[in-house]
Every structure is written in C-alpha cells, then in structure tokens.
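Chain lettering (A, B, C, D and E) follows the sequence in which the chains are written, and residue indices restart at 1 in each chain.
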C-alpha cells in the first residue's frame, strides 16, 4: 500500500473518532464549516495548484449549489439528495459554458473574468427575487434525510460532510497520480510543451474547472441544508477571496493544503475571538481583524508556499509533488 | 536534389509575417521517412518560426504543411502532436514542477486512454496503464542516458541533461517525426557527441528528425539533407557536400575561410 | 432633447465614477509595474488618506494643509507597508503576495475602526460646489476636480514610464529583476519608491472622493476591487490604458444604471467587459508581451 | 477549547462562583453594518456593567458573551452556535442586520433558547410563509410598523406620484417588499422603483430616470451613508421634491454627511433623536433621556435608535430573568406575556402572536430643518 | 587590475568553487573553459556580486570588493553578460540598450545616444528591430542584444558567459574580433567563458581550464592550444562508431 494511502486512512480514522471524544456541538459545527470549505478548496486546489489557473469566482458555484438545492427541495419538495445532485449538474453545466470562453484568457484576465462571473451570479441571486428571495434570503430549507435518519444534529451532519470531503479528496488524489494529473501539472509547468506532447490543454482546464465547480456546488448545497437559511451576502466576492486565502495558506501544491488551509482559516478566526479579549480587555472585533491580518501576513512571509510545503520541509519529506519514490519502485535508477 | 524515399512531411510555400517583418518567406521542402534533415541559417533567418508553424504554435500567413499525407495547416499543436510529431525547444521548456520521469511519462500522454472519471475512480485499467507507461518512460530515459536521474526534480538538472530530458520526453510519445531546435546549444563537446549517438541510434529505430543547429560539425556529420534559410528565404538545399559547395550559403552563413572540422 | 440631456448626465456621472476608479487604478498599475505585486490593499490607502484628511481638517488645519499632510502620512504608511510586508516576501509567488496584501488590508481596516470608528464621515469640497449646468445636465466642481486630478495623474505617469529614462529603469525591475540588478538598478529601492507613490496616489483619490460620497473605514474594499478591474482591462502595466479602463468601467456602469437598473449595473458592466475580453483575449489594449517559444 | 471567554463586566468574578448568568450578545461591530452594530454592542456592555455594579440580578452577575459577527452570515451562525452550545447562555440578543438575524434564528429555535433580534425585517418574527418563530423576539420596529407611517404621511401631504429607491441590502429589500404589499391600499401612484448599492458613489445615473418621471416625492430607503449620497445627488440634479428617508437615518451622521441637502428630508424614527422635543408627559421621555445621557457620557459619540433597540432587548431580558430565573422556557413565556414595557424604541405590548409588540405610535415623523431634527405631523 | 585570491563559493551545501586564485592585467583577455557544471558561471557570478564568496578575496585595482553588491560593482565598472541572456523581454531593443548604460546615465546623458549608435554598428541586425520587444527576437538576436547591452555599460572589466551560444558561426567570429579590439583599443579587460574553446583560444591572451571548481591548467592561450590534455578534451572530432565520415 502506498504511503499516501496510509496518510489518508489515518486521517479518516481521526475524523471518525473525533465526535466520540469531543462532545461540544460548537466544536463540531466549526469542523462542519471546515468541511464545507475543505470541499470547495479541494476542487480549487486542483484548479489552482495543479492546473495553475486562478479563480476569483468560486463563491458563485457554492451559491448555485446552495440556491438550487434550496429552491428544489423547499419550494418544489424534491428530496434533498436529488436536489443536491441537480445543483451539481447545473453548476457543472454552467462551469462548462462559462469555461469555454474564459479559459482562452490567461493570468490576470482570467482572474478578472472569474471575478466578473462571481459578481454576475451574485447579482442574479440578489435580483431574481421570485426564486431566491433576494436580499431577504431564502429560509425554510429542509434538512437531509437518509431513510428515517435525519441529518439534523451536528454530529450526524459532521459525518455526512466529512464523508463527502474524504471521498472527494480520494478522487482528487487519484486524479493527481494519473495521466490526467500529469497533464494538469504540465499546463502549469509549460503550456507550450504540454501542447507539444499532445495534451489538449483547453479540455483539461475545462474538466478540472467543472470538477472544482461540482465540489463547490455540493459544498454549497450541504451548507444550505445545514444552516437552513441562505442569503446572497453569503456568496459574495469576498467569499471567493477567502477561498483563495485558504488555498494559499494551506499550500496549493498539495491536496492536503485544502483541508489545512480551511482549518487554519476557520480555527484562527474562532481562536482570535477567545484570545484577543484576554490580551485587550474590552476590545472589539476590529482587533480580531487586525490580528488575523497580521498573522496571515507573517505566516505567508515565513511560509510562502503554504503550510503543507512548510511542513514537508520541516519533516524533510519533501520529494517534489511526485507520486513515485525510488523506494516504492525497488530502485529504478542505475 | 532527387532523394529516394517516402515523404513524411511536406512544407509548401510557407510564409509568415509579423506586422512588417517577413520571418519566413515562401519556403518549401520535403522530409523523407527515416531521414535526418538540418535547417540552418544565420540568426533571425526564420528557423524557429518555421518550426513553430510546422508544429502548429503559429499559423502561417500562407502556405500549407502536410504530415503523413494529412493537411495539418491551422491545426492546434496538440492535434499535430497526437498525429505523431513532437519537438524540443530552443529555450528549454521542461516541466520544472515535476520529476524527471514524470516529465517523460507526460510525453507518453497521447498513447494513453485514462479519462478524468476513470482516473478519479482509479479503475483497474488505470493502474495497469500507469505501470506500463512508467516502464516505457524509464526505457526512454535509458536511451538518452539519464535513467539514473529519473526521480530528481527536473529543474535541478544541469542544462545539458535538461536537453536530453526534452528529447526523452519527445520520444516517449512514440512519434514518427521529431523536431529539435538547437539541441547542442550549451552542451559541451562530450555531451554533444553523446547526443549525436543518441540521435543516430533512434534514427536506426525508424524515427525521422528535423533539426536546427549552428554547430556545423554536427550538422555536416549527421544530416542527410540540409535546408538553408536566410532572411526567411530558402537559399539552398541539398546534401552536406552540396551545401558546402554552395557559394550563396557560404557567403551568408558559413563565412569564407571557415573550415569545418 | 430630454434623452440627450439624460445621455450627457450619464456621461458626466460615468466620468466622475471613472475618475475615482482611475486614481486608484493608477496606483495599482504603478505598484504592479515596478514590483509585480497586485496590491489589493490599494483601496485602503484611499480610505486612510480620506479619513486622515478629515481628521486633520477637523482638527483645524486649513484644507490644503490637511490634504498635503494626509498624503504625506499615507506615503509613509505605504513605505512602512513595503518594508514590513512586501520586502520580506519579495521572493514569493504572485498568489502569495496577493494574499499578503489582502492580509494587510484587513489590518488597515481594523486599525481604521479603532481610530475612526465605524461611522462615515465627510470632507468639505475643495472649492465652492455649485452645480454647473450643461444641456440641463449638471456637473459639480468637485467632480471636475476628480476628473482633472486623474487626468493629470495619467499624463504624468504615462510620461514618466514611457518617456523618461528613470521610468524605464523602474519598469525594468518587474520585467527581469536579476537583469535590472546587473544593470546597477536597485529593485528594492524602486519597489519602496513605487509603493510609496502608489500609496500617495491612493490617498489623493480617497481625499477627492470624500466630499462626493463620504468616507468610512470600509470604503477601500469596493474601490480596490473596481480599480483592479480597471487596471486589468488596461493590461496592468500601462497607466494610461488603466485610466481608459477606469473611465470605460465608470461609463458602462453609469449607462447600465441609467438605462436598465442600478441593481443590475455591476452585472451588466461586467458582462459587457467580459464580452469585450472574449473577443480580444489579449486585452483591449494589447501590446506585444515579448513572450514566444 | 475551554479557554475562558470574554468577560466584559470589568469586575473580578465572585470567588464563590455559581453566581453568573450568561447572555449571548452577537452584533456586527465591524463590516458594512458596523455603524449600527457598534452602538448596539456598546449599549449592552454598558448595561451589563451597570447591573453588575449594582450587584447583578438577584445576586448573580451577568456574564456577557460578546461576539462580533463582522457583518458576515457565517460568522453569525458560528457565533450563535458557540454561545448556545458551548457557553450555554440563557438567551441571546443580537443580529444587527436582518440577514444575520434570519440566519441565526433557526439555531435558537432548535436549541429552544430565546433570541431577541435587533433587526427590522418582518420575516424575523412574522414570516410570510407563516412559519413558527416562537423563540424569536424583535425589538426594532418592523417594516410592517414603519411603512404604514410613511404611507399615511404621504397621503396626508397629498403627494401622489411616488418614486421608490432602496438600498440593495436585506434591510432595503425587505422594506421594498413591505412597501409593495401595502401601497396597494393607498391612493398612490408609484412611478418608478429601483435599488442602489450600499457602496454607491454617484447615483445620478439612476436619478436621471427618476427625474424624467417628475415625481411628487421620492422615498429613499437605506441607512446613513448611501442615503446621504443619493440625497445629495437628488439635490444636485436640481430636483426640489420632498424626500422621505427610512427609519435607518436616526443618526446625526446623516446630517453631517449630506450637509445642506439633508434639509427637507422627512423620515420616521423612534423618539430618541428628538427627545428634547417630546413633551415631558410622554411615557418614554425618562427612559430615553437617561439612556441617551449615560451612553453619550460613557462613549463620547451620539446615541442612536439602533443602540436603543439593544437597550430594549437587554432590559426586557433582565426583567424576565429577575422575575423567572434562568430557565429559557420561563424567560420566553415571560417575554410573551410582557403586557407593557416602556423602552427607548417604544412601548412594547408583546403577546404570543406578536413577538414585536410595537405599533406606529412608537414612531414620529421627523423633518430636517437647518440641520436640525424637527418633529412634524 | 583584478586579483582573485583563494575564492570559495557554495550553492547551499554544494561546494562549487574550490579555492581559485588568478590575476588579470588591464587590457587583457582571459578565457575560461571547462566542462558543464565545472563552476564557470558561478565564478563569474561571484565576481559580479551575484553570489557571495564564502572565503577568499577579490580585489579590483587594489581595492577589496569581495562583499560588494551587484549595483556597486556595476558602478565600479564591472559588467557581466550572463548565461541565458537575461534581456528585458517586454522592453524594446532600444530600451534594453539604453538600460545597459544605467549606471552612468546621470554622468553621460549626452553621450548615450551616440554610444547606442556605435554599439549598433557592431550588430547591424539589431538596427532594423529597435522598437521590437526584446522577447520577440530570435534566440541569436537576443544573444546579440545581451552582448550589446553589456557593451553599453562601457565597463572596465566585462565578463561574458558563453556569448557564442546560439549564434551563427559568422557572428561568433565577428564577436571574437570585437572583443579583441576592445582589449587592444579601449584597454578593456575581458573574461570570457566559452564552450567554443577553439574560438575563444584564438583571441585570448591567457586562458585557464576549470574543472570541478579548481583551475587545473592555465597559461597563455597558445600554450593551452598546444596542451595535449586540452586538445584531447576539447578539439576531439565528433567521432563515434556511429558517425559516418564527414566531408571537408
């Protein structure tokens, strides 16, 4: 068994045991939030870290997932499972259509286009009031049921979201260690050269974009069923930027960066709520923002490639992002 | 002038303009199967531009390129590569974010089948294919002589080895034709001697080469046929002997009293 | 006739909005052009400039003195920002640097709440502000200030980067830092200067807007975002094109708002911009980039 | 995870322990809604301090679990979870904006903890879909209370052609929805309806369309900053029509920002802004004066109606605790049966069916004249 | 003029230059040859201030310049034409040339346009493409530009790292002639690193062979040309059992 599989299984075990050890619903809800973000960042890491394409618009897919499932399940009474899948299909379709012209753009133009896409979708959430409820928000989203089992409390929802996260991490990992993954990385390495070995760059960019959109969409759908109320404000450009922060602080060069980045982002802001008042009594939220900003800057100055890269460096396990180690191959060299 | 053999690549009346600059001007020639053809000429003659047109990176202003009987003018680079034509680059384009062997495995992309979904679900056929490709990549590395570096990060290789890596990547695609842009540049004599051997060996295995090179010793030593460009125009074509006797070529490129070898 | 005057009014509105975006976009471009950093904290300089100027003039300083002092202070803040956040991270990737500037913008915003609180504030107009009527459309002197200052900004920056020797040296830094050093250029010094100047330009922008729309601690985010859009439309390295981009964006927004709906204006203007980009994928003001294989 | 939480009372805890009452306070003290949320948070902290100084409620100190939800829905949800699940508060007050209140309330409902919202949307306590909100109370005048006041005022003045503009936030759009629902009952002609961004710099483009319609009056439904820009632009375009603002303008900041253009703007508000002009026999006079004075002395900036909402919510809560102890259910029942509570915002008459308990009497129409607030009828 | 004493340079843990000492006189042309990875570029880089010496000294006209930065060295008249050209891709050819004179810009504002003309005389090909972005030039043209830009600095000491790379034979000859001329007429000191050993030795006064970070052979160019080891290693025919007879 590959070493990387071992890590994944250990991680899965940790996830499984956590609620048995810790009983705080608040902590679980934090982990659930981390789960949503990890799912989004998982797709985004594939897009950014592996294919080297930036997106400032993934909050849009998160929102599309949330609103689709909300609309279908609450307004039309669909089963949430079906409506989540419908959301994913719609997101995939939109990603495909939008991706075709968008990925003709490069670098900053791509950033701009994805930002613009996010703004347009946000505006739709805001303006199509008959479906979305506009700025007033959409409430009464039902919770998810599996037979008689309702994912209504935090512990149950926790298992649901983290199962999905794990599956998607596994999927991503499989992608990375395959011809598709190499094709994606080759795009970041040199578009000219990947073209020259016969890689249809556009097609792979689109595939990974669609994949990341599906991840974001499912995360958004689950989020909607979890909080049961959504509002366009929760899907604005700032959220896309938060996703970006998570991916970069986690480290875009590893799929684990997605989980680590989201954890750091959520835990840091929660922790600051606890710690800042101890240092400055009577301090308001502004201090948390200041500290958050300072920590973010300091962290990135000392760990410019994110936490996973820094971790690998510390433990000396840094091998390249490659899959194949000479040891595992019984010494291929000469 | 008449060569025997089966034509693999035909370049017909290719012209390329960049604004006012005519980089390639009405150039035509054929490449036969199993041949080593050199394109030479002064700096800025249009050699790299010609390569870029043949491999689809640039669209010609006019003219056609035919490969293996199909018209590939205006096709995308990856489509052309999928038809069996790969290349190396004058300014090196290795995938610096991968290991050496992954670079080569990426080269084999066109002969693999795994789709996005299959890869994600890691169906059994994927595993099998991966294994086969890895072995193939290793063989390619052995051919160019850098198999011992297989698990290094590509960007840490010295310049010369990066050139060899590009060639290994190009042959991993099992192409019919390989284009090499100044393969010897920056190599020391020993390394370029090794590279010559590699090329000749591969030719024996049935590959066809077109290459650009300023190192006249190499050009004269290994090419079957030479095309000379100057200022975008083809000013001469023929066997090394013919080229060496061609006054225009000598004046434009080789220099009067230069003695080769 | 009525349609005509509405048209003029929309145009004026677009120019006003555009000039605001333009001033910040120039700072964006100046920073990018020299350091290669996409500074998402650029809008915060506008916020800091505006609020500082308001405080200073509230403390009794004459307007012009308050403005100059505020700009000077923000320039210093910019320099500090470069020294503490950009310089130590100068070897990092572009994405990392972006996140660093976002982190800094959080810090600025938090500090601003701490210093000025959350309530919006306003500054008095630079000169008497009686509306000027042209074909029944009105234009305010303060808006003219905004437009004029942004035009001066464009021309001076355009001149500086394209016509002066030192301007070329400055842009050389981002093109190839190593080669710039080989020529004897100090990229670090240039980066400090560029970011300080950008901060000053941002502050000026904020101060010009303060009498038009008020100033508050969170004004920087939206302005920074719009300036980013304008700068990208202009190709990021070209100050005059960024300004054209800013005016284009302002006018698109204004007409979208005037003819359709204010709620949809962002979406409409973005949709139009994207459409243009899809037709011209190398930017609306494409210049040869100097990249080939 | 068990680090001690923020203790705002500023006093050392009673050594014996066992004597504290935890109350959650979740407001937006940063982010777009901060101009409202800051005053709300300061108010509850001030009140908690005051009560604790006097020895607490029935000998127990109040421990305020104060969290800034940063004008962000996720932050609000997490904060709500935290105060309920981890801190085990007896009740929560908060939700500066309608959006955040709506996002937080399902958690309170599920946990069966009373939640007092300071936001205004009608959906918070009496949703259109008729869903139950039995654990949710609201202390700001809802749109359903404010809007009739405005419409009545229009009718009284005889302005018929009306232009409606609202800010594109949950506050603005829920106002709009209520306006659309109610306007049918009035003899008014709405000539144009549109919305603008909270970050607006120049609204002239939109206003050119308004100008074309030549309305008798313009309603601008938004909070301080964006409304000031729109109002200034209306005047700059030379439109000398009456302007009606929302109940979000009850802060001096508006006059400062809009300058001369503020003159001639009418808006509905609680009595706090104009308390000097309220006759001494008004039942609310004393409460408001005391609150205003204490607040302004302590924080050095003007008290606002928003802080007033927080004041009312917090005082009701302490009353309930004083009477019924810390059982959430008992608190809820007590609040539901609060027959008359004289607060800063108005005189609340709660019932099982009305978790807002306010009516139009709590509002006055204010006109700005020469930069001053004047009651007008 | 330049004296290098017991120089050691590391790349991380890799000991690349291992105790090199040599001297050059004013107006002298020193050629350095050696295998790939021998440390030639590293040596030049250290002299230009790109890398830091771990040990040893570098003296320029009697002054110790070992710890100086690239920028101060440029001011003192040391110029490096680096490996891989390092031109400014998006700036025009003309701007590239102008920036070559950056360090003396304030001093000789007037002369610079004339110098541009002069340098262009040496590379007539560049004349036709003054306004083209440098990155769009062909490989060889870029190499010419890099050399021309180096000359614009009017340095006392110019170091060229494989200037012949990618250049057509005729141009290589021209460049070598120019370099020789610079030594003779302008008294410029030159250090030339070359893979094209024959061409380099033809013009050099002195030469040394670098292997594994140390100078293994040194002497006058003539001596090296006749040295058997050098002949064997660098003038060997490209022969192998596979190479067929070549003409000439």
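In the analysis below, a residue touches a chain if its C-beta (ideal position, glycine included) is under 8 Å from a C-beta of that chain, and two chains touch if they have at least 3 such contacts.
The model shown is predicted, which means the values in this text are computed figures rather than measured ones.
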Other chains in touch with both chain A and chain E | B, C
Just grab the chain with the largest centre-to-centre distance to chain B, centres being mean Cα coordinates.
-> D
Cα centre of chain A to Cα centre of chain D, whole Å, reads 36
Chain B to chain C: how many Å between their CA centres?
-> 47
How big is the gap, in whole Å, between where the Cα atoms of chain B centre and where those of chain D centre?
-> 73
Centroid distance [mean C-alpha coordinates] between chain E and chain C, Å | 44
Touching two or more other chains - residue numbers and ranges from chain C | 109-110, 113, 263, 266, 292-293
Which positions in chain A touch two or more other chains at once?
-> 126, 192, 284-286, 288-289
Could you say which residues in chain B touch two or more other chains, in rising order?
-> 57, 89-91, 93
The residues of chain A that touch chain D in their complex are 22, 24-27, 29-30, 33, 126, 129, 134-137, 139-140, 152, 154, 227-231, 233-234, 269-270, 273-275, 277-278, 281-282, 284-286, 288-289
Can you check the complex and tell me which residues of chain D touch chain A?
-> 1, 3-8, 10, 29-30, 38, 41, 45, 67-68, 70, 72-75, 77-79, 81-82, 84-86, 98-99, 102-103, 105-106, 110, 121, 123, 127, 129, 131, 168-170, 172-174, 177
Enumerate the contact residues on chain D facing chain C in the complex.
-> 29-32, 34-35, 37-38, 168, 194-197, 199-206, 208-209, 212, 224-225, 228-229, 236-238, 251, 253, 256-257, 259, 301
Interface with chain A, chain B side, in the complex: residues 55-57, 76-79, 81-82, 86-87, 89, 93-99, 101-102, 105-107, 109-110, 112, 114-116, 119-122, 126, 129-130, 133-134, 138, 142, 147-151, 153, 166, 169-170, 172-173
Residue numbers on chain E that touch chain C, as the complex places them = 48, 50, 70-71, 74-75, 79-80, 82, 86-91, 95, 98-100, 102-103, 105, 132-136, 149, 153
